[in-house]
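Next come two complexes built around chain A: one with chain B, the other with chain C.
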Partner chain A sequence: MRTRPSARAGQYAALLAYLIFLAFPFLWLLSTAFKPPRELGSLHPTWIPRHPTLANFRQAFDEQPLLHAALNSLLAALGAAVIAVLIATPMAYVMARHRTRLARAASGWVVVSQAFPFVLIIIPLFLVLKRLRLIDSLAGLTVVYVVWSLPFALWMLVGYVRAVPVELEEAAAVDGAGRLRTLISVTAPLLAPGIAATALFAFITAWNEFFFALVLLKSPGNQTLPVVLTHFIGAEGVADLGPLAAAAFLATLPSLVVFALLQRRITGGLIAGAVKS
Partner chain B sequence: MTTPVTSPVEARRPPVRTGGRDHAVWFLVLPALIPILVLSVGPLLYGVLLSFTDAQSGRTAPTRWIGALNFQDLLHDTLFWESFRIGLLWAIGVTVPQFLLALGLALLLDQDLRLRWLARALAIVPWAMPEVVVGIMWRLVYNPDAGILNETLRDLGLGDGRDWLSGLATALPAVVVVGIWAGMPQTTVALLAGLQNTPRELHEAAAVDGAGAWRRFRAVTWPALRPVALSITALNLIWNFNSFALVYVLTSGGPGGKTRLPMLFAYEEAFRYGQFGYAAAMGCVMVAVIAIVLAVFLAGRLKGGEDA
Partner chain C sequence: MRTRITMAVAALLLLLAGCSSGGRQHGGPVTLRFQSLAWQQESVAANKELVREWNAAHPDVQVEYVQGDWDSVHDQLLTSFEGGEAPDVIHDASDDLADFAYGGDLADLSGLLPARLKSYIPARSWRATTFGKGVYGVPFLQEPRVLIANSAWLRTAKVRIPTPRHPWSWAEFREITARLSGDGKYGVAWPLKEPVSVTLNLGLSAGGTLFQRGSDGKVSVRFGAGDAVVPRTVRDQIARDRSAPASTLGSGGSDTLPGFFGGRYAMVPLGFSYRQQIEQQAPKGFKWEVLPAPAGADGLTQGVSPQTLSVSQDCPHKKEAAQFIDFLLRPKNMVRLALGDWMLPTGTDALADPALHTADHGWATGTALAAHLRPAPAQSVRGYPEWKDKIATPAFQEYYSGAIGLAALRERLEQDGNLVLARYQR
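Let's look at the complex of A and B:
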């Protein structure tokens, strides 16, 4: 279809406005992160730092245990991603291939679980974890993250399983392979890219998560990166802008890299879910 | 497989898929099912039970069953209903403009434009960022002295700028803008996916028949997009109503409770004042509202299905 030049110009103007809207807060974060204190205090802030510096990054590490917090986040997110995928893959397989009542109930739960206000879950969970002495521990948080990322992991994985032709499994069965054998030696390798994408997605969700970490982790040595970031904002909301920006930027880097690698797969998974549900 | 079984190979084919009586199915499902039941469904039911008790943190006396007392108190808690009203304002204020913007954008990105790749690449930024970082970033933008927003306004000669997040009138609109920014890419991608489901030939046929852009949208695009649009809007409304981290970092619910979303209120009640039972009752009321939203949108989807 042909578009008139005036309409084209309007389209480009709209696109440009969107690009500016998307980019400007992030560019400002970057700009602030590399500014020396004198420029941060200036009444007329500039986009590009006149004397760019890494001092904010050094100060950020001095002020808060960023490295330790990043390690905590890494452990919880990695643990959650691996366990979630290990237990979700077989269940997603059943949900995709079997039209049982259980599979339908599970699909229903996946949708409904997106709607819960977490406060209704966190209070009892807090009490239960306290009794199990798993409060204020990374292990406890990891367990919560596993369950928390399960619905979406299942959603993505069911889509990936459906994309594997049943005929391949049937052929293996004809060749005399048992169900488990078929699953491990035929289906799993074909699912590998989807499983990896799901694991990375679960990792990012846990890496970014704030509410559960805020409630469950009390001692500073256990806290994850998002929680420690909020310490840069003082009790009265007064913040040391430079180090705050530097730390915030660093905390985003892993997610940005993983997302950039994953973008297509995640979009694909989302689309599969959105269209089929 | 609709072909009749004729070949010997077909006849020997063992049943790959059987019903729920198969024990192997349980073997595959239990590793995920047990954690779900113990850590998600269980706590949820426990939470509902707690809302009928006077459970508090750090109390030595045993927890008592107090019936609907929490709900009666909640009914008269003007602060809660104020936060409830703000929660609805916020959820609608974010979801509706975001949907309209994302729809326009999805239509735009569906075209053959030059900078499309850049829009897609940039869309990752809000999506991948931790909510805490999004909040921090916008605090830097809104900063009354060192922020870029006020500086831009000064440059444009539009007043001397203000403290957006601390103003009684500006705080809620300011956080709503952040909410719109943060969820734009997801909504756009979902709608774009819906658009790509629309058959191209229908578009072209309509154009040949002389239908204008608006008529083509009404007659061809929207009917195909409707199921995705309804799902994503329902989810966005619910997610926004339940949101916490973004506003916690931006304003902590201030100034004067003007941005105190229900989740922030319930969080304070539970983990600052230790009122577990009361906070659980708030959670129950929120669930009830969410159920209504879901029901309305499900009805809309089903109706759409009949029309099609």
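Let's look at the complex of A and C:
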């Protein structure tokens, strides 16, 4: 079915408007990061800074250990993403392929566990991690992020596993492949987009997380980027807006890079055409 | 394939091993962790410099500077206290200390501080950190609320410029803001995102005594005539005189600055430390000045919650921690901290420093107000945070927006409020 040119133009216009809407916060952040203080207090703010400056970036780097904090965030977020995927993938496979009562109960628990607020679990969690000597360590924080993202990761992956036709596994079995061989050579590649999406979710969740990092890390050398960003904010919400915007702009970049790297995997549609009906 | 999986797992384990912290070293010098909430560039620099000086002079007691933040300090400390991992020296505000002090999380400093430091900070400031019989923090910086004014506008309008000796009365303030208004411009903009502390603290000038402590030590809310002066003035400016815009009622102080610089408002009531932002952001040629807040029956009196330094009850080296606090708050050091934060020191010797008496940036006006500052009314009231969040904030917001009248405001603050406070005082 062919779309009329006018309808297509309308679709593109709507898409463009939506993209601009989505990009607005990021573009405004970018603009603010390059504005000198006097332009930040203007009653008539402009999109393009009249006197663009790098001073906000200089000040941000001078005042706070941004690179070190970014490295800490990266280690915790990558660790959380990798471990969450390693744990969630086989679990999701079992839950998707073996629909027992236990699997259904586990699915229900996964949904319920998402309802617990941070403040309810933070003190018990703090005490448990203290007993394990994992307070003030990125390893401890990574464990927390894994536990925190695991239920949702599992939920996501169960859906992806169910989308992989079981006939493919049966065909592999007919061809003589063992269970493990089938999982590694047949199922896992087809799950790649799902695994990439799940890893991205776990990475971004951990990268942006603030409260656990604030409470569990004490040494300045261990602090993550979201915690360091708050150091530009004072009492009663007063903020050093220029350096804060500069640092926040830099903080968004790794998420964008990881997304760009995984994006093809997510949208690649590796399953397309795998089964002819 | 197996090799690849093994390598991935090994890499992961190495990654986690690399992430682990080394933990606290045993033996060697005493190490104190000092969590500071300083955030402005000069303030952070002053704090770090003082820590460096201390560390250089005290090889046996080393201090580690840890950056905290105002927004989440309460939750962070609460968790740290519960887990026994709190910083040794704690920077906070006095109105955040009551629950920690009564909960046994903070050390009583009364026997640890030198007489010199005790005598050099006025008794009224110590009242902000005294809970029961103990002293749980050293008050060291404070900021009054002042009027930041567009100098040219005020002079063109030929209004009387108030001074700490001859401030405006609340009635005169209302009259002047009405004179300055018109054509889409306003005499004043009230940023009332946090209406309770502003109203209560300024209310002391008019003799407001909202929290009454009975002979049994229990606190109750009684909204008297003095308590009504400030809210009624603000409400009248917004609803009757149209000399204050309703649009800033939900704003924070920073949000009003573009309108102030753009010539939309003649004055903005702000904390004294906002001067730093104004100095940074004001357009070239924009002339501004600091005026005292209006005075009522009790003169320029207003409530403040000083910034404080406390010691954790779990700190194994309380004596050394108190010595470090004493070093930080020596008069010259207190001046450095005050200048860095654009705030007033509590110490009388520090307040006398010439650097704080220049006309530049309104320092002299601020220091002239220091003697009139009292602990905020809610300072030692248990249950105040809940009263503020659940009762007072919505009640004041509704009153200022015109949704309810003064009688309803009084009823909500007293009846509903006393039910909340009673739960904490059984």
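By our rule, the second predicted complex is superposed on the first by the 213 of 277 C-alpha atoms of A that agree within 3 Å, B and C clash if a C-alpha of one lies under 4 Å from a C-alpha of the other, contacts with A are read in each partner's own complex, and residues count from 1 in each chain.
Operating definition for what follows: a residue touches a chain if its C-beta (ideal position, glycine included) is under 8 Å from a C-beta of that chain, and two chains touch if they have at least 3 such contacts.
Given the structure is predicted, the values throughout are model-derived calculations rather than measurements.
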In the superposed arrangement, which partner chain does A:N208 touch: chain B (first), chain C (second), both, or neither?
first
Is the number of chain A residues in contact higher for chain B or for chain C?
B
Which of chain B and chain C A:L127 touches, first, second, both or neither:
both
Would you sort A:T53 into first (chain B), second (chain C), both or neither based on which partner it touches?
neither
Touching A:I184 in the superposition: chain B (first), chain C (second), both, neither?
second
Should A:T230 be classified as contacting the first partner (chain B), the second (chain C), both, or neither?
both
Under the stated touch criterion, which partner chain does A:A139 make contact with: chain B (first), chain C (second), both, or neither?
second
First (chain B), second (chain C), both or neither touched by A:H44
both
Where does A:S107 make contact in the superposed view: on chain B (first), on chain C (second), on both, or on neither?
neither
Overlap of chain C and chain B interfaces on chain A (superposed complexes):
40-45, 86, 119, 122-123, 127, 210-211, 215, 230, 232-233, 237, 239, 241
Touching residues of chain A toward chain B in the complex: what are they?
1, 3, 11-12, 14-16, 18-19, 21-26, 28-29, 31-32, 40-45, 47, 86-88, 90-91, 93-94, 97-98, 100-102, 106, 109, 113-125, 127-128, 143-144, 146-147, 150, 154, 166, 169-170, 173-174, 179-180, 182, 204, 207-211, 215, 225-226, 229-230, 232-233, 237, 239, 241, 244-245, 248-249, 251-252, 255-256, 258-260, 263, 267, 270-271, 274-275, 277
Spell out the residues on chain A that touch chain C in their complex, using ranges where they run on.
37-38, 40-45, 59, 63-64, 75-76, 78-79, 82-83, 86, 119, 122-123, 126-127, 130, 133, 135-139, 142, 184, 210-211, 214-215, 218-220, 222-223, 227-228, 230-241
Tell me, which parts of chain B touch chain A in their complex?
9, 12-14, 16-17, 19-20, 24-25, 27-29, 31-33, 35-36, 39-44, 46-48, 50, 55, 104-105, 108, 111, 113-116, 118-133, 136-141, 143, 145-148, 151, 154, 181, 184, 186, 189-190, 193-194, 197, 203-204, 207, 228, 231-232, 235, 238-239, 241-242, 244-245, 248-249, 252, 262-263, 266-267, 270-271, 276, 279-280, 282-284, 286-287, 290-291, 294
Interface residues, chain C side, partner chain A - complex
1, 8, 12, 15-21, 23, 33, 37, 39-41, 44, 64-67, 69-72, 75-76, 79-80, 82-85, 87, 93, 193-194, 252-254, 257-259, 261-262, 264, 271, 273-274, 277, 280-284
